[in-house]
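Pasting the structures in now, so scroll down.
There are two complexes below, and they share subunit A, which is joined by subunit B in the first and by subunit C in the second.
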Partner chain A sequence: MPQKVAIVATGQTKHTSRRTDVNQREMITEAIRPALEEANLKISDCDAVMIGNMEPFEGYMFPELWAVEAWGGYLKPSVKFNTGGTVGTSTIAAAYYYVASGIYDVVLAVGFEKQSDGHTQTAITTVGDPVWERSIMAGALGNFAVMASTYIHESGVTPEQAAKIVVKARRNGANNPYAHLQMPELTVEDVMKSDVIAFPIRRMDMCPQSDGACAVVLVSEAKAKKLASKPAWIKAVATAHEQQYMGDSPKRLAVMRSQIDATRRLYNMAGITNPRNELDVAEIYEVASWAELAMYENMGFCARGEAGRLIDEGVTEMGGELPVNPSGGVLCTNCIGATAMIRVAEAAIQVMGTGGKRQVDNVKTALATGYGGNAWCDAFILSNNSN
Partner chain B sequence: MNSGSHLDVAIVGAAQTKYESAKSHLAYNELVYEVVRELLETTGVKMAQIHSQITASQDMYDGKTISSMSVNEVVGGYLKSECKVAADGLQALLYGVARVASGAFDYTLVVAHCKESEGKPHPITGSMFDPFVERPLGLDAMLATSMQAERYQTSRGITDDDLATISQRRHRQAARNSFSQRSGDYSVEQIKNSPVLMGRIHELLAGPTSDGACALLLARANEAKRFATKAVWVAGLGNSTDAYWTDRDLTESKALQDAAGRAYRAAGIDNPEKQINVAEVSARFAFEEPLYAEALALSKTKKIHEWIASPDAGPSVNPSGGAITGNPATVVGLTRAIEVYLQLSGQAGEHQVEHAGLGLAHGRDGICGQNHSVVVMRSNSAVQ
Partner chain C sequence: MSAPVKDRKAEDDVLRVPYLLQMEYEYALGQHAIRFFHELKENRRLMGVRCPECQRVYIPPRPVCGICYVPSTEWVEVSDEGTLIGCTVVRLPFIDPMTGEQRPVPYGFGIIRLDGSSTSMFHFVDETDDAKLTVGLRVKANFREPREGNMRDITNFRVIGTAQ
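And now, the complex of A and B:
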């Protein structure tokens, strides 16, 4: 049996589109410093650092080695991850397994991306197979447009329902001091009026490109009891991949086999039978408005074709039965190497009760997900209870 | 912390492609398919039994963002827990050990792949350098390495003849390793007179451009037991990162000393020179072998010249021929682990070292070896 693992502290930068005032090294420290302060730890107290970044987006190979002082890596064990959208959750999962194995007791996980240093969409185009897919791919946007079209066809969700997701996200973001986009006054009409950038996706339906970093401190049971009065315990971790080629995973968004598989395994591990009732909050990696709706169905929050009703009835709004993305989610902030880690950090913040204006009342159990290339899904259950 | 003997994790099988200068007839996922298939056949473990995979690859070398996506299918990652380490393959092994030791998985498949032939080394390795000051100067890995070689040779008084002797020995040994890329009975003069690549580094003092893949299977104690002598136990792990290359003395490797110290303590080794029987060191360049042997304390009692002159007095180093005879970046460290596994399980064939009970694999990454990993392994008979 894996040993118990808890999150005791998190840190984030104020995410924004262009950090011209700092380089990658300097930006990373802005996330690490508050995380260590919250845990009352020094970097020398950390046994190891897990670090995640998407190198091709900035065009740096091994940026973490160049930035070694920034994350306290000098003469310290580390592992570097690069897995697309899931970088942050791959990095957290590694920290989890290292602590669960007893190899390390205190692990710092760091994710970062400074997209303004490079050209992300060019790099994302090379995700496609060079022979079959690259010539017809157009970064993340084209991919999501195809998936959203299929999902609309299958489920009958409407552009207004997608717009409601955007409004929820950007209004929630206004409560989150770290969020990149904060739009407390945004309306469905505003979203519907924004330009179509790849049918059916409008500019407002899509996440921004952000510069930012996130840090999370994961510790063993003995350390958790010393370091935090209310740690967020990691109850379950699951990962599932789709097939490589689009054609091998039909209806990729409408039927996300990987997300269905990962969350069902996760719920089994955590003893959850009715996620809508038993989860108190979810921080999900949604990327585009339509994706969040499809994910409600795939994560078992509602039956097939019912996602539109979930947002119409306000179930996933703040104050609803199951608030989704109180932080504003990826629709407000996407600093890729950090994004999935922010989902886990925000879920931990909810469990620890330190969410300030974005805090959901009385959170006992939280879901966090990561999503990336190949419809790669990572999922975590966090709990206020170690048992 | 426990990075050693009580991990109860063993390597139970391994497979490699032959390393070649350009496998232009195969895509990199086909290389991986070849080794994974062989690994499943030789171990008898079914893909359905493996729920965890760690792959090591570098997007910049593969020219493909999230380069692991292309191998996901052939490593059995569909609906499974595959993860990619963007670092040397030995890092993937370290993380795989953690996954198995956590109790969450019975097996973890560890894979590394790279086709160096498909990319240009100057822009690829140049992207490791500081973007503000160093990149405009046109630096790349070969240039920085040649400066390090000059520094190291000068500081230790190591001659070009010394390094040619090392290269000569490794290329002779490689002739007995069927996976090796370049082998032969080169004379010291031939090596010294081979074309200059950069500074004092000549063609036969450096590993050639290489394509290949390798895979190994990790198992928990319960599963590993039935593999008998083909199970080799992980006895100690270490990893450490040095300062950026311009911020440290390139004539030593503090990070490797640190990584080795961690692995040795975990494995209960206090005299590596005496206790370790076989060591596979990631030395793509001839000068790196004595540099890293010093950091690994494999040459503690001898001056480095003596060590170069009589290499077999202590542990056998790089009986496979080593990386100087050809292994691609990212794959190198995992190849070292596989070679140690083959030695400790008595499967190394013509290059088998006698009485190998305790072995060491080393992997490195970054400019002038900034990040280092060490794995100490014990044969099944040495454990009992």
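And now, the complex of A and C:
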């Protein structure tokens, strides 16, 4: 039986496009120090540190070495994660496994990316297989546009419904002091007027590139009761990896086998039978507006083809039945190595009730997801109840 | 009195260290790709492998079916025609990783299920009109001549029929 694991503290930078005022080490400490302060811990209280970063984007190899002091690794066991979009959730999952196993009581997880130091769009091509895929890649944008077209064909969702997702995200982002994009006045018309950069994707449909870091403190049951009055308990963790090549999954985003598999196992572990009713909030890794709609269906929030209706009816808006991404999500902030971790941190914040203007009322159960290259998926259930 | 506007560019140049990385790599193709590209070059055939357990036909060919983990020993020819299961016209410039140059925009791009294959492949499509490029179109591969035995031997796909 796994030991119970709780999140007792989180920390984030104010995410933005170009942190030219600091280097990576300085930026990392901006997330870790508030997390330690919130838990009233010193770095020496942490038994191990898990770190996440996609180093090809910065061209700064072996960050566990050169930033060891900044991420608190001096004389500590650590593991680095480099799993694309899911870096942050791989890092949290590892921290969870260590605490759940009983090996460590306090594990610090850190994810970061400083994209302004490098060139993400070019570096991301090295994710593709050099023999088969690199000569025929069109970046994250081309990939998402093609996936969105398949999804539209399958579901009949409209550009206006995608635009509503963008408006929801960026208005929510305005309530989140850490969010990169904050657009409280954004309208559907504004989104529909933005350039089509690869049909059906408009400029406003895509996430930004951000610099930022996130830190999360995971602890055992005994520590949780000492360190936090209202910890966020991790009730279930599930990971699913898709096959190797971009064309291997039949319907890609539209019917994402990995996300369907991961979330069904997750709900099963957590005893959830109707996610729309039983979840109070979700922080999902959505990347593009169209992806959020497809994910509603993959995650079982609604039946196939019903995602457009979910946003039309305001179900996933703040104040709706199941608010999705009160933080503004990835559409507001994408600092790769931190992005998926921010989903878990924000879900924990909702359960702990410390969300300020972005807080959803009376959150008992929260979903957080990670998503990355070739549909690798992670999913977490957080709860206010340890049992 | 307002302060003079700072020249951000000049300030960045002072505070940032530029670095240009050029590294050369040479990737071994592996036995399955060698066979595939030999057939493509010599016979203009697209060859996949069939999993003896689940019967899925894989392009690219690979040592084991990732679902069954059974060695794929049977080679099968798949068609150079297929169906578009997703498509777009890319209008934002992007660096071509093989050349380091910006690929001219706009260009058609899609994911194609070749007849006889269980998997799909991304490729360029010779249509840049959003209204004409739709899911379900029938497409056929255009080949480079002479062929050299790599992915660029398929230059792109042309539309040959209406959506099904």
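In this text, the second predicted complex is superposed on the first by the 387 of 387 C-alpha atoms of A that agree within 3 Å, B and C clash if a C-alpha of one lies under 4 Å from a C-alpha of the other, contacts with A are read in each partner's own complex, and residues count from 1 in each chain.
As a convention for this text, contacts are C-beta pairs under 8 Å (C-beta built on N, C-alpha and C of every residue); 3 or more make two chains touch, one makes a residue touch a chain.
As the structure is a prediction and not an experimental result, all values here were calculated from the model.
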Quiz item: What is the contact status of A:Gln244 with respect to subunit B (first) and subunit C (second): first, second, both, or neither?
Solution: both
Self-check item: subunit B versus subunit C as contact partner of A:Arg257, first or second or both or neither
Solution: first
Practice problem: Go through the superposed model and pick first if A:Glu133 touches only subunit B, second if only subunit C, both, or neither. | Solution: second
Quiz item: Touch check for A:Gly142: first (subunit B), second (subunit C), both, or neither?
Solution: second
Quiz item: A:Gly59 contacts which: subunit B (first), subunit C (second), both, neither?
Solution: both
Self-check item: subunit B versus subunit C, judged by how many residues of subunit A each one touches
Solution: B
Practice problem: Give one of first, second, both or neither to describe whether A:Val68 is in contact with subunit B, with subunit C, with both, or with none. | Solution: first
Exercise. Figure out whether A:His153 sits in contact with subunit B (first) or subunit C (second), or with both, or with neither.
Key: second
Quiz prompt | subunit B and subunit C contact sites that coincide on subunit A, given as residue numbers | solution = 59, 126, 129-130, 243-244
Practice problem: Using the touch definition up top, name the residues of subunit C that touch subunit A in the complex. | Solution: 12, 15-16, 19, 21, 25, 27, 29-30, 33, 58-60, 62, 66-67, 85-92, 94-98, 103, 107, 109-112, 119-124, 130, 133, 135-136, 150-152
Self-check item: Sites on subunit B touched by subunit A in the complex
Solution: 1-3, 7, 58-60, 63-66, 68-70, 72-73, 77-87, 91, 94-95, 97-104, 124-125, 127-132, 237-244, 254-255, 258-259, 262, 365-367, 370-371
Quiz item: Considering the complex alone, what residue numbers of subunit A touch subunit B?
Solution: 1-3, 23, 47-48, 54-57, 59-62, 65-66, 68-69, 73-84, 90, 93-94, 97-98, 100-105, 117, 123-124, 126-127, 129-130, 237-244, 257-258, 261, 372-374
Self-check item: Contact footprint of subunit C on subunit A as seen in their complex
Solution: 20, 59, 121-122, 125-126, 128-139, 141-143, 145-150, 152-153, 195-201, 243-248, 250-252
